[in-house]
Amino acid sequence: MLLSVEDLTLEAGGRRPILRDVALQVRRGEIVGLVGESGSGKSTIARAVLRLLPQGARVSGRVLVGGEDVLTMDDARLRALRASDVSMIYQDPRSSLNPVRRIGDFLTERMILTLGRPAAEARSRAAELLAAVGMRDPERRLRQYPHELSGGMLQRVVIAAALAADPALILADEATSALDVTTQAETLALLRTVQAERGLGMLFITHDLHLASAFCDRVHVLYAGTVVESRPAADLFADPRHPYTAGLLGCTPELGDPRPLRPIPGRPPSLDDLLPGCPFSPRCPHAEAECETWAPRPVAVEGGVAACRLIPVAVQERSPV
Amino acid sequence: MALRVARKLAGLVATLLATSFIIFGAAYAAPGDPVTFLAGGKENLTPEYLAAVRAQYHLDDPFSVQYGRWLWDALNGDLGRSFQYNDEVLDLLAARLPTTLGLVAYATVLFVVIGVALGVLAAVRGGRTDSTVVAGTTFATSVPPFVAATALISVFGVQLGWFPVAGGGSFTHLTLPAITLALGAVAIISRVTRQAMVEQRELDHVTVARASGLAERLIVVRHVFRGALGPVVTMCGLVSAGMLAGTVTVETVFGLSGIGSLLVGAINTHDFPVTQAVLLLMVVAYITVTTLVELAQPLIDPRARIERSRA
Amino acid sequence: MKPDSPVLRGEPDVGDAPSGPGQAPAPPGQAPAFPGRGRRRIAALVGAGPVGSRLASVFLAVVVLCAILAPLAAPYRPDAIDFAVSLSPATPEHLLGADQSGRDLLSRVMYGARTSLIGPLVLLAVASVVGVAIGTLAAWSRGWVDAVLSRVTDVMYAFPGLLFVVLVVAVFGNGMTTAVLALGLAYAPTIAKYTRSIAITECAKPYIDAYRVQGMGSLAICVRHLIPNLARSLVGYLVVLFGEGLMSLATLSFLGFGAQPPSSDWGLMVKEGQAAIVQGAFLPVLVPGAAIALVVVSFNVIGVRLADRLGTRRL
Amino acid sequence: MLSVHNLCKAFPGTVAADAVSFELPSGGSLGLVGESGSGKTTVARMLVGLVRPDSGTVTVDGRVRDPRERGRAARLRRAREIQMVFQDPYVSLDPRLTAAECLRAVLRLHSKDRSRVPVLLDQVGLGTREAGARPHQLSGGQRQRLAIARALAVEPSVLVLDEAVAALDVSIQAQILELLAQVRRDSGVALLFVSHDLAVIRHLCEETLVLHRGRVVESGPVAKVLAEPEHPYTRLLLGSVPRPGWDPAEVVRLRREMEASEVF
């Protein structure tokens, strides 16, 4: 198992935890999607994998990368992990690069300064990487500044940098959301190519359920810091089991014949909304009184788990306490 | 690039012309006849004597002619004669400039080194160090130079006797004035440095660098401080440019004979040629320094290169 | 004391803060706070924290009261000469001592608060009316109006610090009125520049566009909506400028260009007290000097606090 | 009836609109699709008069909109012709005004009955609790509702929505889309919906217009354009929308196809 997040709970000031008992796994060669609306905590999970935690955060649970717990390792090991095992790709490529440094500096910085490679070798490797992500004239690109490149180009540079240290795991945090649709598709094609060629594990974070189900092998749906459903992408899309997943699909417009949208009432909960029971119960069309006190826990469904009290299997399995 | 510099220079010349016009026009518009000052308040001034003085100083010409002549002479290095000292203004300036320049240079070194160091320290260390620096600089900006100067004189000059109280020329003579001059500047620079670094630290690309395993020390040097360099250099330039005007107070308090004290004296004795010359000199110096700083910006921030050429 | 691990410091992410479609910016009021309780305690003591600014407000209130009530509360007339107590140290009769002429320093400082506070007030009133008008006009019209106004402000800027005032004083003669008005004009470009920069940011926000789309006239948008929305930032800035203005006026008086004897303006008091230092008497300088410094510190502390609260930046 | 004829606008270095023409019947709905740099926002801003076109005309109900026509009456009349809802509800509302004050200001400006405030709020699904709230106390969806109410207060003939749901969460986006459809049914206002999202346009609009680098490359009924796209760019755009079994590599091929077609 490449990445294994176990019972990750993270609190930082708000009335409810940012993450509650999150569990997810990423295997080698697998793309795992993480879908949620704003405030669901999806970016926090990715950052937790690199131990980039919000200030004053209280964390429990484990985040294992290659079997080692990121949350407890010493600083030197953590730096080594960040430098060579895990790479992150962020939403906005323009703010990911230092505007006053050249593309070449950005690409070689990690190789020279943290991995200790000779400068010349790092530079030729950087050029190779740029060529690998489909950029023409890499030598010239190395000398350019970020503002001289378009957003799509920059995201390619960021992907090249992510590959610089031959990582095993890539965290893509809304990596294509800031791009135009056509650029997004091309960037995704590139991501999938490099992922498949190198057998990388990838945690793909997005707010777009359609995108996740089209691009990922498995998808976790996150709501208010809780994983509400976790299934293979195709299953999730064809037959959502959690009311929130169904709601998301029901309210997303599609290209085909227009069907009436069924908006989810209310709004995504903020960190100050106290949610003692199932977090989705206030917006759930099927909610019953008991849902408001039922602490969500994963219930086995076809191909994965869903955290809903009303799933029939769950009702049967529940022990009469 | 060349076009940018040319345009910049044109703007510079325009600003200089405008300021020289104000400086000259102000003296011209001053109430009272300069002749009475020129004549030194003598009794029983004969009309012939007044006419002679007028002719000598070309006071009967129209304003534009007077301004044109003054400007032309100034460009040729002739700043006129002082009413008060009856010397060439240029000689007066030449004699006093070294003191002032020494003072400004001394103070600049002090405030750049100490100010940047304090700012970096506050931003990097945080906690107690930070709050101490912030509190100290808040206080330092609140003490007017003449009060600070008086305090320094009474403590280090009179009480401890470490430094000479008045007079000028030597390095030790300049120490207390330079400290006074640098005090407020240190506060400004350290604040700007701290603020810029704190802002840079919040930027995404710093997190990206951190997430790529770069050591914290390298992040501070390569990203945080490098990013903060632009505002810091700009501010250092502006402050040191403004410092020439600050010498007016400091030189007066410490009794240094530089161009600042020359200006105060000239104003109090209605010595217009000297007033005009010193003001012009200060404005020229200010504009030159600020322009240099602005031209240096693209070297620090590559984005400025295209933004400027578009503008 | 071990500082917070750098890794854990300064991550602004609460929830999924930085994202595009479907994501909301963090609500205002969640300014990134600095970690460390020690820092906050010290900051509170020395001035950056709320306790400091409260202390500063109380102090300023006392100073203003002193200025208003000076004729009732001051133990002596400010110009009552008594050579018998020349350079007296602090005594029960003269709580803060007396100057060379034996004038009571406490009384002089209390009376001096009047000129020293009203001066900057008038100055700022002049400067902010001119500056805000010019700055808003430049930001609103852009184009050649902006270019011309910016050039004019640049020229004014080229007279650094006090030079413009010095020039005006050189022309129109010494005196508090001249100094205040001249300094007011000298500050106008600074305020104009600041107003312009924040007004440009504000004008770029679509709610201003929305008013235009609704058919509202430019003047109405500027006066009724744009400037009120700038007010918060401007006030914080003006509070700090008040301190600076007070210092500049005191400096002018000190140089002999501002208030003239027998005024008990604080700057003038320092000038007159200077000679006493050589005789070993510090009170004539210390009292007005400290008064200036404390008042200015108070304004700065409040200004910094306001700026922190409103999230505005100084230029 | 909105009629746009030959709108052109060039900015230094780019052409934002190149002879853009279209018509929107009263009570109709038109979707303007394009990516960043396609000029769709510029077109929207030219319609409401925030950007002055280099050439071309905008006509509403037979009357040409002339931004040079000054004076209060002309301004207000233009406002009643076309209103606009902006992309980001976090900055498109005056932070100083409560929801009710915001609407009252518009009604006063247009000398309309101020007692309509609760009606307008109700129309967009806001209650009395929200009426007294300032923008920062409202959620993103509520702000966008208020922005819509503000535009409707003027009772315009045409409502331009510039990426009006792009900044919202998916579940909120659906609510706003439903609201817009309902508003159109109830008030008969024509909608011009500017978006990068084909699916949203498919849902809300009858007609569509595809913009690419300032040019209209394709137009027609939404269902037809999406089902049988003729221009290679429309095909590329359609191919880029993620769906089950989608292969992003296909998009690269479509892009090449489009670039090839552009050569000729």
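Going by the order they are written in, the chains are A, B, C and D; count residues from 1 in each one.
FYI, a contact is a pair of C-beta atoms (placed from the backbone, for glycine too) under 8 Å apart; a residue touches a chain by one contact, two chains touch by 3 or more.
Being a predicted model, the structure only gives us computed values, none of them experimental.
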Item to check | Chain occupying the middle, per Cα centroid | outcome: C
Checklist entry - Ranked by contacting C-beta pairs, which pair of chains comes out on top? => result B-C
Checklist entry - Can you give the whole-Å distance between the Cα centres of subunit B and subunit D? => result 53
Checklist entry - With chain centres defined as C-alpha means, what is the inter-centre distance between subunit A and subunit D in Å? => result 32
Checklist outcome for this item: Between subunit B and subunit C, the Cα-mean centres are separated in Å by 21
Item to check | Shared-contact residues (touching 2 or more other chains) in subunit D | outcome: 140, 169-170, 173
Checklist entry - What residues in subunit B touch two or more of the other chains? => result 204, 207, 210
Item to check | Of all residues in subunit A, the ones touching two or more other chains | outcome: 37-38, 52, 78, 90, 92, 95, 207
Checklist entry - Which positions of subunit C touch subunit B when the two form their complex? => result 1, 3-4, 6-7, 9-12, 18, 32, 34-36, 38-40, 42-43, 46-48, 151, 154-155, 158-163, 166-173, 243, 247, 250-251, 254-257, 267, 270-271, 274, 277-278, 280, 282, 285, 289, 292-294, 296-297, 299-301, 304, 313
Checklist entry - Of all residues in subunit C, which touch subunit D in the complex? => result 21-25, 27-29, 205-207, 209-217, 225, 228-229
Checklist entry - Where on subunit D does subunit C make contact in their complex? => result 48-50, 72, 75-80, 82-84, 86-88, 90-96, 106, 109-110, 136, 140, 147, 150, 154, 166-170, 173
Item to check | Touching residues (chain side subunit B, partner subunit A) in the complex | outcome: 203-205, 207-215, 218, 222-223, 226-227, 229-230, 300-303, 306
Item to check | Residue numbers on subunit A that touch subunit B, as the complex places them | outcome: 50, 52, 78-84, 87-88, 90, 92, 95-101, 109-110, 113-114, 145, 147, 161, 165
